[in-house]
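One chain, subunit A, appears in both complexes that follow, with subunit B as partner in the first and subunit C in the second.
What follows is the complex of A and B.
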């Protein structure tokens, strides 16, 4: 078993906050395929289309038959741990600060020998392990050797925690506590061990029974937060911004119009004001402080979650302006991800299909329940992935979009 | 045409090592060339071939160096092959002299070491290392050889004391060699208690990266004799790259494929070799080379080590000037160290303690861990002029 992660000591406020230093992040273009798969929670290696030979390290042509037709394909990761070591003396400051660092050499059943970060519950060599991929603090895909069988507190491994954003003992801001999704997120993340959850409340004069019930929980605190109001965001950032470890931006406005069903731009403007400019205001208000605290102890700032929509990938014309606002937010989130990457803060985008709420009332099932969405957000944090597509509709749209985005556009606009 | 066994090596030169240097690699190359000229008495204009091994010349390579050093040559080679570049340089130069492409080839291995250059070299050493090794703890070669050493120990029952015995003997050899950076004797206790770097690699299993250069001249025997230069003969050489790619982890090098031919063309057996300069970046590699070059069976090196002594007067002298483990690892110069020491031993120009009555010496090259194993293996058998 793995020693359970225990509550970090309270930080001495006089001490300097350790600056976040990323591990080595340079990669060849070929190797970025590993990162792209890990960002989606998958372990893929290049497989030669001509001779089926599995390749590693990533390359431009098959090491066996020289064919350039290499496809990234999911791997089961089983293999034999040949040797393991603890690196006590590292050349890089990131690993020096975290020494000793355990690594292993694994012969995959699929063929290649791989070097991995090694989970503390593995080994010693020789033994069977299962290799998986995660994103490291540089945002790049790396391989990790896991024990074949689940052990107690597996997620609490000190090195693995560097790759994930586990909510345990962390402080979380959920930007809108009035929606069913916001309330489900708060309850799920508390169940996952979060220490404190701030839930945002815009327009406090509008009562919400769900929010009142939520605020009775000891871990929950209500904060006034209106994403359409810059000064409200600045104020919230001033009071809690230096303590937020995980920010979940679930605030959204969803109207169900296309272009010609309604005159004027008011509804579309409101969608943009929350869904796009709201994200921009939050990023300016909370981003810098989170970046600065990304290496602040064992449970420092770690993740930023955006609730987008599968409609961000390709416009769903009956919800045309909403789709456009989510596409704008997706684009902005990529800029945010780039700015956060140097610090190690992970930007996680969630692309649900239709959520089972009033705005999707006319749509047929399956629709995503708030609880299911909340669960997928917490798993994304625990796995440290970048992109999540929760629910059957999202998965189906994603598959169609990956296959041919132009065909999907045709299908949606038929 | 010059006959193959009429090509000789002479003028062994070492530019003294230092832990760090503010000079660049060009400075070390210049000092090495100056040393070769001084040692041979030749004017610069007589050098018509140049072969350089270096990691730190960038953005230059051998060609920029010709202008830097003011040499006009008709044969030029650049070999950034690390631990194999000395033997490979010798092989190429030998063919050039043999075929008449050049008459006097200066072979130089040189690298500088600034305070941060070792990390930078590792970070950008190869595409595979950058993508698939360095992000995993950034332990550099220490971590890579920790895997090989751990696996070897488990498979063949080697102990840390076995490796320690080699390191201690080499240190003893180094005490008599003026260019060694390590000048204090090493005890088994100190070896065993050296701090852990990447287990089972401890401090005294590791070389110290440093700045320095080594060089020698390759020419015909007649030319050397006319110049009155003491020389060693080149009896046989081999090189092999990316041998046994199917092995899951490196427990043998390419020497296994080439040793029969190596000894065959030299006309000797392993038992005729009077000393071996192993490529000792880590002691486990010395053990593997002892096996792969035919001194004992695969896996029998631990027993071999327990049975033999390794100082210059020992039953199996290795790394007679101390090797990299005690002299220092000056980048590509480390690939020349064993050859230069062999030339000295076989041509009566000793700086270290001489191996009594040495007639045949074996110098080994190994290196270039671009991913999980050293890709190059090379070896050269040299002999005394009258052997």
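What follows is the complex of A and C.
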């Protein structure tokens, strides 16, 4: 078993806050395939289309037959731990600060031998392990050797916690507490061990029974926050921005119009104002303080979650302006990712299909329940993935989009 | 003669014998706008975005862009705001005759009644009782309904919404017709969001103050404050809206001249 992660001591305010230093992040273009898969929670290696040889490290041509036809394919990761050791001295500042660091060498059943970060519950060598891929603080895919069978407190491994964004003992901001999704997020993340959850409240004169019930929880605090109002975002960031470890931006406006079903730009503009400009205001308000606290102890600032939509990938014309606003938000989130990357703050994008709310009332099932969406967000934090497609509809759209985005566009605009 | 009265006014203003009272709320992002069902078109609340503040965006100066609907904060309703006033001449903010924007004010104190009943409706009988004490409402006067609603600084209490909508005081249908037809008033002003009561959609006709006032080419003033500083009669108000092309209304600064 792994020693459980216990509540970190309060920070000593006399000492300088440690600067976030990323681990080595340089990768070849070929190697980014491993990162791209890990970003979606998958362990993939290149497999030669000609001779079936599995490749490691990633490369341009098959190490066995020199064929350039290499395809990224998901791996089960089972293998034999051949050797393990602790690194006590490293030239890399990131690892020096975190020594000792356990690593191992694993011969995968699929063929290649790989170097892995080794989970504390593994080994010693020789023994069976299962290799998985995760994103490290540089946002790059790395391999981790896990025990084959689940052990107690597996997620609490010190090295693994560097790759994940576990909400345990962390302080969370949920930008809109009035929606069912916001309330489910708050309850789910509290159940996952979050210390404190701020929930944003815009337009307080529009009462929300769900928010009033939520505010009775001891971990919940309501914070005035209206993403359409720059001064509100600045004030919230000034009040709590230096304390937020996980920011979940679930505030969204969803109106169900295409182009010609609604005259004028008011509804589309409101969607943009919240879904796109709201994210921009939040990023300018909360981004700097979060970046500064990305190495602030064992439960410092760690993740930024955006609630997007599967319609961000390809426009769903009946909800055309909403789709456009989510596509804009997706694009901006990529810029946010780039600006957050150096600090190690993970930007997680969530792409649900239709959520079971009043704006999707006319759509037939399946629709994603708020609780299911909340669970997928917490799982993403615990697994440290970057892109989440919760629910059957999102998975199906994603598969169609990955196969051929132009064909999906034609299907949706038929 | 007229020149003399202006000279006198200037002297009285300088000497404090005529006070200027601001009947205007500060335009701020927190000031609540009118609430409509979310599928309806929405009036933008007041928003401010910095252009620069003595910084890299403009080193020596501070200024903002702002945005809001025509009916935001303390604001003016022009006749064209309502369907009943749609075909009237001079019914928009750019064409309103400017002499209509300065005039005597009659302040009807309904503060006790509004405190007792948020859905209080100002009736003809109430107006007649007021006239018995303060004299007949003169032609072309502005009638201001004092409810002390502006003292509700908590936006939740100011909006006063429940599951059946907004609960704020306003005039009855008969009272509005009386003011327009029997007293020929220039306009009607309130401290609440709307010249009509919060539940006025259930009156006959719905929103009678909007319907009859604007149908007769008269004006509305909403979200006023400091009405408790005005005498029942004797004040003059100044309420020019922004001269926006074909505007249906406008945020504005409303001033009252009060014998000091």
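Keep this in mind: the second predicted complex is superposed on the first by the 414 of 414 C-alpha atoms of A that agree within 3 Å, B and C clash if a C-alpha of one lies under 4 Å from a C-alpha of the other, contacts with A are read in each partner's own complex, and residues count from 1 in each chain.
Note that in this section a contact is a pair of C-beta atoms (placed from the backbone, for glycine too) under 8 Å apart; a residue touches a chain by one contact, two chains touch by 3 or more.
These numbers come from a predicted model, not from an experiment.
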| item | value |
| --- | --- |
| Side-by-side fit of subunit B and subunit C on subunit A, or clash | fit |
| First, second, both or neither for A:142, with subunit B first and subunit C second | first |
| Touching partner for A:31 - first (subunit B), second (subunit C), both, neither | first |
| Per-residue touch tally on subunit A - higher for subunit B or for subunit C | B |
| First (subunit B), second (subunit C), both or neither touched by A:345 | neither |
| Angle at the Cα centre of subunit A, taken between the Cα centres of subunit B and subunit C once the superposition is applied, in steps of 10 degrees | 140 |
| Partner chain(s) touched by A:84 [first = subunit B, second = subunit C, both, neither] | first |
| Partner chain in contact with A:205 - subunit B first, subunit C second, else both or neither | second |
| Subunit B versus subunit C as contact partner of A:101, first or second or both or neither | first |
| First, second, both or neither for A:393, with subunit B first and subunit C second | neither |
| Minimum C-alpha spacing, chains overlaid - subunit B and subunit C, in Å | 38 |
| Shared contact residues on subunit A - subunit B and subunit C | none |
| Complex interface listing, subunit B residues touching subunit A | 118-119, 122-123, 127-128, 130-140, 142-143, 146-148, 150-151, 154, 195-201, 245, 248-249, 371-372 |
| Of all residues in subunit C, those that touch subunit A in their complex | 29, 32, 35, 39, 41-42, 45, 47-50, 155-156, 158-159, 161 |
| In the complex with subunit C, residue positions of subunit A that touch it | 203-207, 226, 228-232, 255, 264, 266-267, 270 |
| In the complex with subunit B, residue positions of subunit A that touch it | 23-28, 30-31, 56-58, 63, 82-92, 94-95, 101-103, 105, 107, 113-117, 125-126, 136, 138, 140, 142-143 |
